[in-house]
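What follows is a set of structures for review.
You will see subunit A twice below: alongside subunit B first, and alongside subunit C after that.
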Partner chain A sequence: MTAKRLRIIALLAISTVFLLAWAFPILWSVLNSLKTDSDVLAYPPKLVFAPTLEAYRDVLFGSGSILPNLLSSVIISVGTTIVTMLMAVPAAYALARLRFRGKKFAGFYVLATQMLPPVGIIIPYFLVLRNIGWIDTYQGIILIYLSFSLPFAIWLLVSYFEDIPFEMEEAAYLDGASRLKTLWRIIIPQVRGGIAVTIVFVFLNAWNEFLFAVVLSGNTVRPVTVAMFNFVSVEQTLWAKLAAVSVLAMLPVVVLGVVAQKHIVKGLTVGAVKGGGRR
Partner chain B sequence: MPSFTPTRRTLLKTGTAAAALATLGPAFLRQAAAQDADLAPYKAAQIDWQQVSGETITVAVIPASYFENLITLAPQFKALTGIDVRFEKIPPAQIRQKSVIDLTSKTGTYATHAADPMYYALYAANKWVEPLDTYLADKSLTDPAWFKLDDIIPAWRSANGIDGKLYGMPYDGEVTIQVYRKDLYDAKGLKPADTLEAYMSNAAALNTPNDRVWGAALRGVAGAGQNMYIYPSIFREFGGDWMKGGKLTVNGPEAEAALAWYIDIMKKYAPTAAANWNWPDIADAFSQGTVASYIDAHSSASVINNPEKSKVIGKVGYARWPKGPSGKRTTSIWNWGFPINAALPEKKRKATWLFIQWAASAETQARTAHKFAGPTKRSGVNRTSVWKDPDYIKLMNGFGENFVEATMGALQEDTDVDWRPRVPQWPAIGDTMATAIQSALSGQATIKAALDDAQRRIEPMMRG
Partner chain C sequence: MVTTAVTSAGIASEEPRSDFGRVLAQRERRFAAALLAPAFLALLATTTFPLLFLVYTSAFRMDLAMPFTNGFVGFENYQVLLSDERFWTSLLVSLVYTGSTVTLQVIIGLALALLVMDMKRGQGWFRVIAILPVVLSPAVVGMIWRTFMLAPEFGIVDFLAINAGLGSKNWLGDPTLAMVSVIAIHTWQWTPFAFMVLLASLASLPEDIYEAARLDRASAWQRFRRITLPLLRPAIVMVIIMRTMVALTAFAAIFTVTAGGPGTATEILNLYAYRKSFTELSIGYGSALAVALLIVTIIISGILFAMRRAK
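The block that comes next holds the complex of A and B.
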């Protein structure tokens, strides 16, 4: 009994340490976002201070408001997620179930696109978008994001589809359902956990993207990750405002994470025990 | 690659510019009146400002108050010329990347951009930008008697020139000077250092980490615009020469002595964290009273005089760089200049030139500085005549003792075009040197080994 209790205490202590290491930067951001610029610089760091929402007021409603940037981020991330899922679900299903020539190659090709270092393709992307006049447009950025979110989503979804026993589909066919109807009514409800996980990851990747956004965006379309950078200016770093924007930019992600938590945990564990099913 | 003034917003909130600027209260109304779209001073130029009316150009700038002030005046430019200017604000690290992509691909996205003086060699070698001489010589585009090119600070013009040709028109710039806590120096009977040796002993005298006061701080973080912004001055002051027998040389006895001095002061008298500091961190620390002196851009004066953050207002003095063993003082030649993108069609290039001429003119410089109605004034105006304007001097001296003298002295006597090696390979060379300096500072390599290694890495770059 004591040994067990000791073990629990030890585990708790270890997990607390890890949790703190993870939570510290976030807590620090939240604290700084509630401080004035002079409190941010105070030494020793003030843990007790008069909290103010000034930084939030400034970044939301001041002259350099980031509201348009948050909107840009939402449009880009939601747009990318919707288009990705519309294309990735049928593609992943095809790769998991159908027999066709070049299937192996197609599967490898999807994975291979993930192996390119993104920075290597940034100039070709810039030129392509420039030539079709899509620099600084939503469609341009979403199109580029698709090029890495799509393979990722397909690759993730294939494993979920492969997990479903083929017999379930057979049963549907025997009952006279068409392939599409089977996909829609039988298969998709089975993998909704996997789909939720994929949605979350695709959304997060698009929301947090910086490298492509900074080069391919401009005055019209500027996601929050890029706008945030302007608080680190050559003149000075506006720590309180930077922290406030970071917290605001984190919020949708945190909300999404909490909502989808159940699916994510399930999705990750499902992924952990399979693998034998992949061909 | 640094600069100035408290942000517009922080100042708007306090309602005054830096404490000193507040004394100008009554002058405020006059300035506001001068702000209206009075175009007469521009129309005195014997050129047709409206010659390419209807054009639209895009200008990339960094988010900084000196460009904000210019953006505020853009409607006046539109009224004068009929040209629309779209401004795009891009963070300093990315503006280089984006403008180089634009220039290499010849897409002509940015008619002009806030350019780094170290990049002109690269730009000119590839003919990405046009020499401005053609535009300056064209009587239909420029009235030399009105524009007065010679009035623009010569050091910055030569920094932006290659083989005697001007490629970027300086708009705003800075020099490096000594900034020190006058109260602490006075208490110990110290004077701002005249030599690097004295700077070291001053730092030693004031270094009391137990009271959270360190003797000095210099930029420590690795980067072509960070530690390689401050080290080149020391290198030159120790008699270093980037070109030895036509070969770019970064090692040798002068380099070793210079790096030894830098590491010595950083290790003994700077906060440990300064090894990772860039200039805003240094200015923040100084404004909190924990650093007795630093050498950095004169423009940081506005940060350490920001009434919202600073605890040292009224306790600051300025002086030029201490002399090195060679007897020289060497300051930076940093400025943001405007080049003309060669990929543009002719009419747009003309529109761009008119914009550059307007932005760099004495009138616009004054209207964005002491005559600016908003609270943030510029400390990096490009013209000697503005630096001699009593109104401007009064404003600048609000930053502390000897500010204008130190800055002007540095600008007129301490500048050195060969402050950093001006070769097209600079971006890569700057990074290599930056890494070498930091590895020596952190003790990963000895001074000699770090420099010899940098030399080995740089040689193939110069061949290729």
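The block that comes next holds the complex of A and C.
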């Protein structure tokens, strides 16, 4: 009995340590974002302080506001998501449900495209975009984001399309519906959940991407993950503001992550095993 | 509805009934091609074309800072690469970084999954908290660690180190500590991933085998060695493959935390290719480095996939 109780206590202790280790850096940033710079720098670190929203007010509405950068992040992420889904849903349907020659190869091709190291893609891409004047543009960034979002979305969607029983389509054909109509009216509603999860993932990956963004962004288009660097320089770090910007950059993905929590494991395994994802 | 009627009527009149199946198959192929075309054109343009162009560029001297020296050099970039000490160092750093972080992720992730599996209550907390690091941007994660966690005499890690009697350490300024730090950060962010995947596959293992093992008085360790580990093997190998691919081309967190420094202490091959191309503006040589990274990736994934098939 005591051995069992000891075991339970040990379990609780270990799990608390790990929960804290994972949650702490995030919680600490949130706390720091509610402090003044002098409170952030206090030693020993302050757990009790007078919270203020000053840092948020400054980074959002002060000079050098990051609102344009948040807007850039939103436009890039939403744009990437829309374009990706418009292309990935039909492609995934074809790969999952239709018979045609070269299907195996097509599937392999989608998989293989994920093997490419992003740095290898961005070097030639940078040269091309520079020539056509697409550096620092939304279309330039969204186009290159397709290189990782499309294979990921296609594979994730294929796994959902494959779950639908074939009888549903056959019944629709027998009733005289066209293929396109069957896809739109019968199949798509069946995979609504899968499509929602895919949208969440594509958005997350686009919001978090960094390497392509750092190379292709400029003064017009600069997502918040890149703009964050404005708050740290060799001379000084704007501690509270940096914390506030970090929290703002985390907010959308954390909300989406927690909301889609139950589906995320499937997304992670399918997407990552077959299609890589964010670095 | 109208179009359907017209096309099926068209088929009926044009083709003999015996060929109906063939016609259907042909229509299916065409439909598939139409559905696949946009995605495949985009993939060609954003992955295959850049790859070919990368290989082409790697045969040139292409220096954006000194354009007058540019020209075709054949395999010269690769010859330089083979005797480039910084290349071999970065390759070694890549292997150490990838090997250690993936090992840590799998061991800690598996241990935690086994632990949480036995918990009657509180599993939900683990699942929610574990999501957080995984969905965060590695760039933001890197920034948080660099400033609030690892900064000397101010970050929490240093605070803990001082209180543990270790004294203040220059976590990102010392070559060895910087390497330990970037490995720790990557491990912190991605262990929850291994944990979630392994927990999910643990939950799907058949309970009756364990019952039988318990009746045979197998110890917990024996049950783990003889049942859990073999059944979990595919999932573990899968996690290793996924995590290795990502660790090899990790960028944002290292870039944010150390930018490869101090010196080249944390410069993985991926980062070297980036720095050569976009900081030193030597695009041709950077391309050759990227091709080298691609070859390393292919070799390592080949080995891992062979591991998956073995046994």
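Keep this in mind: the second predicted complex is superposed on the first by the 236 of 279 C-alpha atoms of A that agree within 3 Å, B and C clash if a C-alpha of one lies under 4 Å from a C-alpha of the other, contacts with A are read in each partner's own complex, and residues count from 1 in each chain.
Note that in this section a contact is a pair of C-beta atoms (placed from the backbone, for glycine too) under 8 Å apart; a residue touches a chain by one contact, two chains touch by 3 or more.
Computed from a predicted model, the values in this text were never measured in an experiment.
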| item | value |
| --- | --- |
| Fit or clash between subunit C and subunit B when superposed on subunit A | clash |
| First, second, both or neither for A:51, with subunit B first and subunit C second | neither |
| Partner chain in contact with A:165 - subunit B first, subunit C second, else both or neither | neither |
| Contact breadth on subunit A, by residue count: subunit C or subunit B | C |
| Which superposed partner A:41 touches (first subunit B, second subunit C, both, neither) | both |
| Partner chain(s) touched by A:62 [first = subunit B, second = subunit C, both, neither] | first |
| Partner chain(s) touched by A:235 [first = subunit B, second = subunit C, both, neither] | first |
| Partner chain(s) touched by A:29 [first = subunit B, second = subunit C, both, neither] | second |
| Which superposed partner A:218 touches (first subunit B, second subunit C, both, neither) | first |
| Touching partner for A:123 - first (subunit B), second (subunit C), both, neither | both |
| Superposition clash, subunit C versus subunit B, among 58-66, 112-120, 130-138 or 238-246 | 58-66 |
| Common ground on subunit A, meaning residues reached by subunit C in one complex and by subunit B in the other | 41, 43, 123, 126-127, 214-215, 226, 232, 237 |
| In the complex, subunit C residues that touch subunit A | 1, 3-5, 7-8, 25, 27-29, 31-36, 38-40, 42-43, 45-51, 53-54, 57, 112, 115-116, 118-119, 122, 125-141, 143-149, 153-154, 156, 159, 188, 192-193, 196-197, 200, 238, 241-242, 245-246, 248-252, 255, 270, 273-274, 277-278, 283, 286-287, 290-291, 293-294, 297-298, 301 |
| Touching residues on subunit A, where the partner in the complex is subunit B | 36-38, 41-43, 58, 62-64, 122-123, 126-127, 130, 135, 214-215, 218-219, 226, 229-230, 232-238 |
| List of subunit B residues in touch with subunit A within their complex | 1-10, 62-65, 86-92, 94, 97-98, 101, 104-105, 107, 109, 212, 280-281, 283-284, 287-288, 290, 299, 302-303, 308-309 |
| Complex contact set, residues of subunit A against subunit C | 11, 14-15, 18-19, 21-26, 28-29, 32, 41, 43-45, 86-88, 90-91, 93-95, 98-101, 103, 106, 109-110, 113, 115-121, 123-128, 143-144, 146-147, 150-151, 154, 176-181, 204, 207-208, 210-211, 214-215, 225-226, 228, 232, 237, 239, 242-243, 246, 249-250, 253-254, 256-258, 261, 264-265, 268-269, 272-273, 276-279 |
